[in-house]
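Below: the structure, in structure tokens.
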Amino acid sequence: MLKLDRCVIENGSFTLSADIEIETGANVAIIGPSGAGKSTLLETIAGFRDLKKGQILWDGARISNLLPGQRPLAMLFQDGNLFPHLTAAQNVALGLRPNGRLTTDEEAQVLSALDRVALPGFGDRRPAELSGGQQSRVALARVLVQHRALLLLDEPFAALGPALKAEMLDLVAGLVAETDTTFLMVSHDPQDARRIAGQTVLVADEVVHAPAQTETLFDNPPPSLRAYLGS
Amino acid sequence: MAERAQPISAWPGIGAAALVAALILGTLAAVALRAETSGGFSPADWAALRFTLTQAILSALFSVALAVPVARALARRRFPGRRALIALLGAPFILPVIVAILGLLQVFGRSGWISDVLGVFGLPPIRIYGLHGVVLAHVFFNLPLATRLVLQAWQEIPAERFRLAAQLGCNGMAMFRLIELPMLKRTLPGVIAVIFAICLTSFAVALTLGGGPRATTIELAIYQAFTYDFDLGRAALLSALQLALTAAAALAALRFSRGDGFGTGLDRALQRWDGGAPALDAFWIAAAAAFLLLPLASVVISGLAGVFDMPALVFRAALTSVFVAAASTLILLVLALPMATAVASGRHGLVELSGILGLAASPLVIGTGLFILIRPVVNPTMLALPVTALVNAAMALPFALRILVPAAKDITARHGRLALSLNMGKWTYFRRVLVPRMRPQIGFAAGLGAALSMGDLGVIALFADPQIATLPLQIYRLMGAYQMQAAAGGALLLLLLSMGAFWLLDRGGRWHAEA
Amino acid sequence: MKHLLIAAGILSATSAIAADKPQLTVYTYDSFVSDWGPGPQVKEAFEAVCECELNLVGVEDGAALLSRIRLEGENSDADVVLGLDTNLITAAKETGLFAPNPVSAEFALPIEWSDDTFTPYDWGYFAFVHNADATAPANFRELADSDTKIIIQDPRSSTPGLGLLMWVKAAYGDEAPEIWAGLADNIVTVTKGWSEAYGLFLEGESDMVLSYTTSPAYHLIAEEDASKAAAAFDEGNYLQVEVAAKLAGTDQPELANKFLNFMVTDAFQQIIPTTNWMYPAVTPADGLPEGFDTLTVPAKSLLFSPDEAAAVRDQALAEWQNALSQ
């Protein structure tokens, strides 16, 4: 269980307070107006921002004092998810061993991860030789080998076309279900949330609201969500 | 905003900076402490300060003002031989002073090529000696450096920006305001500061082209204090003044050039859509090439005549120079990479400041200071080559940092988060991300460092051992023995070696890096 | 770096091999030790008779050489210093670092020499060198009135430059500022050292350059080129006498003494003319090399005593700076 315990986050002019719990294995969409702090929330959970107050716990253990790489999570950013000078396989391998050489067994894991994201034989290509969708798949393959309990997505597929984005989300949903990963995803699109997220967290008015069932939330939106949805 | 975690530690860089500062300030202190009399400034010193500042400011402004259109033209034109031209343009910077002066005067002197042409039309020869001559010579030396630094900043603008601007229908002027002006505002103060600092320590060039004692610089006053008066206190004081002026210039530059980078861009070959005025660009490229290459051509022509006069010793000296340059480049990178990383990972102005001090440090003071420090421990002549390599590296450091810092900043901004989230170790980040991503810049910096070290007389003359001579020292010795022709041959060899080293390293850095 | 150390090691190994022999360290100016200077031959000749090893250490020029000795002070590694001139002798004596060591010889100097500490090894006249086909002015006044362009060296950084300063002062005394003012428009430029000035002259930047009457000998003998000549001035040409002395702190006083005495023998002196391009202090038995007889010999020679030179130096420099900074 991920617990944001009376957290206050400061980012320049605005503050964001969060006091919520997310069940292990939940698929959560984070939705809210632009600039409300969705990315800020994710960056804080991932450790790129310090908390002003409060703490973040995973399964009861405090993680908000850990460095980003030591937290039990993997994150995909809006861009820059791959090192352009490394091949696809090398990028994936960083998820297993960021600091050393792979064993034969680990090399096999890298290859099978690339297989699972439908990129067999693409290991030697560099990101510039891959399409946008393929680049996203390589990043996902890396997430797979990282075996982290928590996956954070900060709109990594925003640049992809609708069909491709849907395909990637389905791929994520499948992989997440298979590995029982808890999964938080920033999204602009209610369709995305409905598609793969059982729960949705609304970020609005400087508050991170408690997760609600996605269907229920969208069928009967509170005023701030209604303003955002424009319905 | 709260302090962000960094993918790499600043401490090695801070350590390297402390070492450099210790070298420069420690040698200065050694000289000051050895002084028997505590000298003050004389009225002549103030006159020297005035002249030094005037010529350094003018030289820096002219060099940079001319470098901008040249770099812009080179940035947006593709033509056969462009790479070779860019490499050749760097040559004046790495020539030994005496060779460059002779080359320059072969073109601009009283009986130079231009005066010869004027003579055909019955016009008097041009008068090159004076403040304008000093500035001309300094522009000759520094325009290539300024052009390279500005050109590099230009090429680091992500192609996407130009694509966006082109898509918005920006023409040349609008594109300049939108994309290039911010880049220049960020880049130029640093370049101006570097050239100002280089010109601050000018001595032989300023005196020779200045035409007389009017053109006395602080460096000449330091030399005078050392040898003519043996007033070490005054030498140290003057050197401290030089350092203070450079530090002030560097701090001003840092203040002005602070600002956001250009963010991320994908690795795509730079392509531009702004058209511009091809004729104007062609003019700038041709003018710069003529200005810089004609004196070089004269060095080559004089050199060819002397090639067969060169004694075998010159080749031995050349080999020594190659060793020194290699060692110096290695030291340079060991110092510069951590320092650039430290600067990139936060606001470490002091690291950058210590890096630029190498420019303003009087070679005479560093050399003498090292001599004073080393002598109680070991015979200084034994260490002539290592010391020369070390000092050459310290002198090249400011250039290396100007080249490496922007790239390190950019890479840390682009990949820092990802590395952190992967829990990548600091050493791995350095080895697997920073260094591979910075290869072009590392190659450029190493090339420049090697070439500079090859061409610089440095401190070897102070530590000289008759059996070990670098090529520049051997060229001076040849000239001192009336063998001007053989010296010219040696200068040509030096030019080729320097350019070769530069080309090899610069090219090596770019190899496969543009994929 | 490793290779560099190895290279340095190999190169310095030559001196380590002979470590059992007594070592004599002589500091001199750089052009003396260069491979085209007298150094290599002097080393060979002396080592043939001394049962020792001669270490020649080069330091930029005469003035820098004295500074080096002062920097090292009493525990200098040098046993002998070779390469000061009369302008530096008084300052050198004031340091108290040099020891008297009288050497007697049949000096062929245009002046009397009596100094118990410093022994001359060569000498020459400062002179303006010009192309032989051009007519040279007969004196400084005529030069000042002419359009003749000259290049000189800075007295603050160069031995010939300081020599010229003394020359004008010795010839004109209180009128020196006036002479300098008259010369100002003849001076194309002032260089840091001799090499720059001579190089510029050879490139045609001036009609004359400050050098020595012996300079044409180089072109004549080494290049078989008789196109250069030196001008004798009727007020006299200033002399440069180059000297050597033993350091008081030497640990090889006997050997130093031996070297200074060797210095005035033919074995040393015959090397000087065609390597240092100066007159030997003692004419060798075989006489001067062919070609030296063609050189200009000024009718009159000028030279301040070391004490006079030291006394007028700073004032002469100020006059020079004033006149040329207008």
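In order of appearance the chains are A, B and C, and numbering begins at 1 in each one.
Just so we're on the same page, contacts are C-beta pairs under 8 Å (C-beta built on N, C-alpha and C of every residue); 3 or more make two chains touch, one makes a residue touch a chain.
The shown structure was predicted, so the numbers you read here are calculated from the model rather than taken from an experiment.
K.L.:
From the Cα centroids, identify the chain that ends up most central relative to all protein Cα atoms.
P.N.:
Taking the mean of all protein C-alpha atoms as reference, the closest chain is B.
K.L.:
Starting from the Cα centroid of subunit C, hunt down the chain whose centroid lies farthest away.
P.N.:
Ranked by distance of C-alpha centres from subunit C, the top chain is A.
K.L.:
Just curious, how far off is subunit C from subunit B if you go by their C-alpha centres, in Å?
P.N.:
The separation of the two C-alpha centroids amounts to 35 Å.
K.L.:
Could you work out how far the Cα centre of subunit A sits from that of subunit B, in whole Å?
P.N.:
47
K.L.:
Using CA atom averages as chain centres, what separation in Å is found between subunit A and subunit C?
P.N.:
One centre to the other, that is 80 Å.
K.L.:
Over in the complex, which subunit B residues touch subunit A? Could you list them?
P.N.:
So the residues of subunit B in touch with subunit A come to 1-5, 264, 266-268, 414-415, 417-425, 427-428, 432-433, 436-437, 513, 515.
K.L.:
Across the complex, what residues on subunit C touch subunit B?
P.N.:
By the definition above, subunit C touches subunit B via 1, 3-5, 7-8, 11-12, 14, 30-31, 33-37, 39, 56-61, 63-64, 66-67, 70-72, 77, 91, 149, 154-157, 184, 187-196, 198-200, 202-206, 215, 218-219, 222, 277, 320-321, 324-325.
K.L.:
Hey, which residues of subunit B end up touching subunit C in the complex?
P.N.:
Subunit B reaches subunit C through residues 34, 44, 47, 98, 101-102, 105-106, 109-111, 129, 203-204, 207-214, 220, 223-224, 226-228, 230, 232, 311, 313, 320, 323-324, 326-327, 330-331, 368, 371-372, 375, 379, 381-382, 384-386, 389, 461-462, 464-468, 476-484, 487.
K.L.:
In the complex formed with subunit B, which residues of subunit A make contact?
P.N.:
10-12, 46-50, 67-70, 74-75, 77, 79-81, 83-86, 94-95, 98-100, 126, 128, 146
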